[in-house]
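Chain naming follows the written order as A, B and C, and within any one chain the residues start at number 1.
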Amino acid sequence: MTDSQSLRDRLLEEINRIRVIDVHSHVPHDAPVAGSLRELLGYHYYTELAHSAGMDKAVLAPDRSEEEVIPDLVRALEHVDNTIQYKWMIELVTDLFGFQDEKLTLENWQPLADAVRRAAREPGRARQVMDQCNIDKVFLTNEFDEDLGGIDADLFGPSLRSDALVRHMDEADIRGRLEATSGVAIRDAGSMADAIGVVVQRFADAGARSASMSLPPHFCTLRTLGGEFDRAVEAVLGGRASDADVAVLRAGVLSLLCGFCDDCKMPVQIMWGVTRGAYEHGVYQGHDLLEAGDTLANLMPLLNAFAGVTFCLSVLSSGQEQELCSYGWLVHNVVLSGHWWYLNVPAHIARDLAARLQSVPKTKLIGYYSDMYKLEFGLSKFNMYRRILAQVLAHDFVEAGLGTEDDAVRIAHLMLRGNPQRVFGLTGEGQ
Amino acid sequence: MTDSQSLRDRLLEEINRIRVIDVHSHVPHDAPVAGSLRELLGYHYYTELAHSAGMDKAVLAPDRSEEEVIPDLVRALEHVDNTIQYKWMIELVTDLFGFQDEKLTLENWQPLADAVRRAAREPGRARQVMDQCNIDKVFLTNEFDEDLGGIDADLFGPSLRSDALVRHMDEADIRGRLEATSGVAIRDAGSMADAIGVVVQRFADAGARSASMSLPPHFCTLRTLGGEFDRAVEAVLGGRASDADVAVLRAGVLSLLCGFCDDCKMPVQIMWGVTRGAYEHGVYQGHDLLEAGDTLANLMPLLNAFAGVTFCLSVLSSGQEQELCSYGWLVHNVVLSGHWWYLNVPAHIARDLAARLQSVPKTKLIGYYSDMYKLEFGLSKFNMYRRILAQVLAHDFVEAGLGTEDDAVRIAHLMLRGNPQRVFGLTGEGQ
Amino acid sequence: MTDSQSLRDRLLEEINRIRVIDVHSHVPHDAPVAGSLRELLGYHYYTELAHSAGMDKAVLAPDRSEEEVIPDLVRALEHVDNTIQYKWMIELVTDLFGFQDEKLTLENWQPLADAVRRAAREPGRARQVMDQCNIDKVFLTNEFDEDLGGIDADLFGPSLRSDALVRHMDEADIRGRLEATSGVAIRDAGSMADAIGVVVQRFADAGARSASMSLPPHFCTLRTLGGEFDRAVEAVLGGRASDADVAVLRAGVLSLLCGFCDDCKMPVQIMWGVTRGAYEHGVYQGHDLLEAGDTLANLMPLLNAFAGVTFCLSVLSSGQEQELCSYGWLVHNVVLSGHWWYLNVPAHIARDLAARLQSVPKTKLIGYYSDMYKLEFGLSKFNMYRRILAQVLAHDFVEAGLGTEDDAVRIAHLMLRGNPQRVFGLTGEGQ
């Protein structure tokens, strides 16, 4: 073993000891672990890759049984067994369900399916999985009108998923749901603001630590809310909104939301740059793409306007990664957060992480979040990240002469635990 | 030697054994090898680099003899002897013509020129060179009205070069050639479609396996062909086309072409993102540049519209590489193909390849094509790629824990031979 | 030590012997070294990172004493001690002021502050620092109406900073200053050209070797100057200029300037892509950001128009780096220069440098410039670059099979000394 490898291994050993905070997931608090192998394989990463590699969408018809679906999926996934996503699956079934092979095959999936079903019935399974992942706490993303009761605060923290409010307020259905949950009739910009305020306050009262949303490329934000917004709301409510009105509406709703987040000291998590529905023929949750050439400049008016709000930013396009670093470097209320979706691939993470570590204040880096739908994926996703973090800290930090091995360990603690705690105001909880 | 180096060397040994399919070249089937050293050095990579480094264009005047031109080129190429392109030249003249030095000099070019001329006269030289390159088959790119007779099907496969049709149909000259080759008088959108259909069928009948074209940044494609296209054709034929008409014409011709390719089961190779003529002062074939910040989003309507056509995509800008990966990952009819032109540089290939290997189904990766004008370049270009592939498979696949050494070898086979065979329907041929 | 490391170390030893030319700095010729620790820590890299990490701007109020300011800064910089910028500070105070610790603390800053003050009073300090940095000559950037007398030509070369002329000619204040320094009354496009010509000639007479400027993303340039420019000047002088007029004015002034540079054989240094004032809340010099997705295509008309002018280009966005390489590769009058600002980070430099070395003529690469405000930073910035250059030459050039160790050393000489000398016509000076 070279010196370089043993440094990396020592760092990894320390990193593995850190009890992480996962600041973004889609885990349902009432069904946090997978009930079946089909649920694990139903994660869009697998269905979309299988479909992309040639699998017919009909395989996934909801009326087909697990016995019918899984063999088809297993066959299709042979074509994607080179990917990190496939590796996630193998690592988690190995560590959590005692799977012993290197690939999923027509011969070995059934015992595995049994093991998944058995494990799902064990009491305290969620905490058990989180312990095995060495995850202390997982943030949820909850719809604005979701019931927040019954969330186990030892395991989970609610977070206001704001996509519907910000991107779909022009739809009567969303406004209807907003009126219902807030008890406020939306008659104009003012009452729309009141309704949003009620929602944010309800989330804050329930212990929510952030609002989060994904935004499309070229989304426009506003420096100030003026008469323009009032008129846009009026046009939308009157059913005669132009595209420009809708754009102003969206920017305005986002500003309102940020204002209330400011009042409640809630950071805002923005995932920037996804084009929903770009690919027509995809499977469920498999229609969205990034767009090269996009910029965060459109977000700057918002960052300037809400100097008191912390924005945790993720991007989807590699071309924006260095722009994101410059924002973290310069803009006091920007924190860099994780490696999102199409950038959540080792080769991308390694290079993005190296530049972040070398140019952004260490207190403004949230290393990783899982974005997972079931807790099991926290194991392999965070393990992947831990290995890359160890390697990058070894190569691009310690060996590059930027600090000592001890410095590197301290930085890893900040990125995986200390910064999430401080940024989201968790200090004192579950330490 | 470290473990890592010996892994890479073992992989390279296996990779060197793979008999590759070269899916894109500009080799003329009736003059596939270089007749002279001047032809080798006349490849635009050398003339454009020499000119860029200060060589007067007048050096290349067609009336100058080899004895006059080569010394000037040799002197100029001293300034570019750091580049991978220079390395290509040295490697191929060493392996194919017995050159023994590290640089081309005023002292050693003449014996080399003799060797090149001698070799060109050897019978069966093309197959001999291809064997030394370990290339099984080379795709050509043939003009739409080119005579396809006399192509040696053991060595070559024709391919319909569609640039003129797609990008220049507004020019009377091109339409005249299209009418002549198809026997169809172009009077409206319908007859234009007929003429294109005749061309595609002629290519299919001649064994062509693909249509290929390069497109400029911001090129627009259409989801459906409607009255808009009819009117654009009318305007063009009537000599009163606006820029918008021409844009619709181009998009429409591309759609027509894809429709006929669908009928003939011909994949479409699209090289995206070259701005022709950007640099005014360049040498022959040395005027074209990429444009940073461009996106593939404009191609999405076409990909959605022709779900039955396989699109083999290359990009020219590093900012689009990760976007391309996401397309290969998600979109069922997209295959990633090679490393084109300004991205055909080891540092770019290595990083682009790592991400492709980690996130795109292995069956949707065509590793490399030569884009060469003479067969000799297949040697050094593919050798360069083989070395990078071995290194990336070692470092970013096996060592990164994504698979075994055997998996890596199997993936290399797919990328260099199996996928080209399957995608272009060559299975059974020349195996 | 592995073979690879010892190769790198041998290369570094050779590189360290090269007496470099620094082609771009903001050093004031009459106060080239730091008078105090506060001046060192006042470099915007430190104040902006400290502020970004949470420090109140009020810390930097000009009426606060060094004893008040520095402890606050030291405390804030703890949060950024992972960055390369922090490393620059530690390396320079260690090598130039005998600092012995790994971090700056509340305990150790005062002796350091004393050492800085003492050193500043030593006679010949500037040359002494430059010798320790192994810098032969430093280019300044001088305002167009600055007094160029008293510049020590052994140490410094003046350069015409053209930002005000190119970007602010629509402001009466700038025109007033231009009239005052040139003695030409600006009444129309012709007299504006005359005034600019006087300025360029004055700089040329004073030994200036270049004009330099930073330009914003999307800046437009013109292929030719026509009546459009005359009308734009008229509109600006008449106080009724539209945004479009101002854009034409700027493009036109840049063209005029390039024309005069052509006459005087002065290369033009363009730093492309900074959005001034993007971030509202920043500290002094801490408001500017890059924009992802931008392209150099807008610069092409200028590059085409002034084929006799050498343009030394830097970019600010990683998405443009490969575009920049293609320009250096193809366009005869483009030289690649350094690693600017947000790209001046080891992880970015290493990857950008590898591609430059493999694809751009070696005679068209200016390795690095300091961009510094005080000479001391030349030490750690150039040392950082030397280490990366050694590593990249070892890994991506020698080990990648592109050339020998001797070739690598020769390339390093060109990049750090030979090319700056030739490009800026310094041959024969201070060798």
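Here is the rule we use: contacts are C-beta pairs under 8 Å (C-beta built on N, C-alpha and C of every residue); 3 or more make two chains touch, one makes a residue touch a chain.
The shown structure was predicted, so the numbers you read here are calculated from the model rather than taken from an experiment.
Matching CA atoms, the turn from subunit A to subunit C amounts to 120°, rounded to the nearest 5. Taken over every residue number at the interface, the positions common to subunit A and subunit B amount to under half, indicating a different-residue contact. Centres computed as Cα averages put subunit A at a distance of 38 Å from subunit B. Touching of two or more other chains is recorded for residues 2, 292-294, 317, 319, 351 of subunit B. Against subunit A, the residues of subunit B that register as touching in their complex are 2, 292-297, 300, 303-304, 307, 317, 319-323, 325-332, 351, 354-355, 357-364, 396-397, 400-404, 407, 411. Listing the residues of subunit A that touch subunit B in their complex gives 2, 48-49, 51-54, 79-85, 87, 102, 275, 278-282, 286, 288-294, 317-319, 342-343, 345-348, 351, 387.
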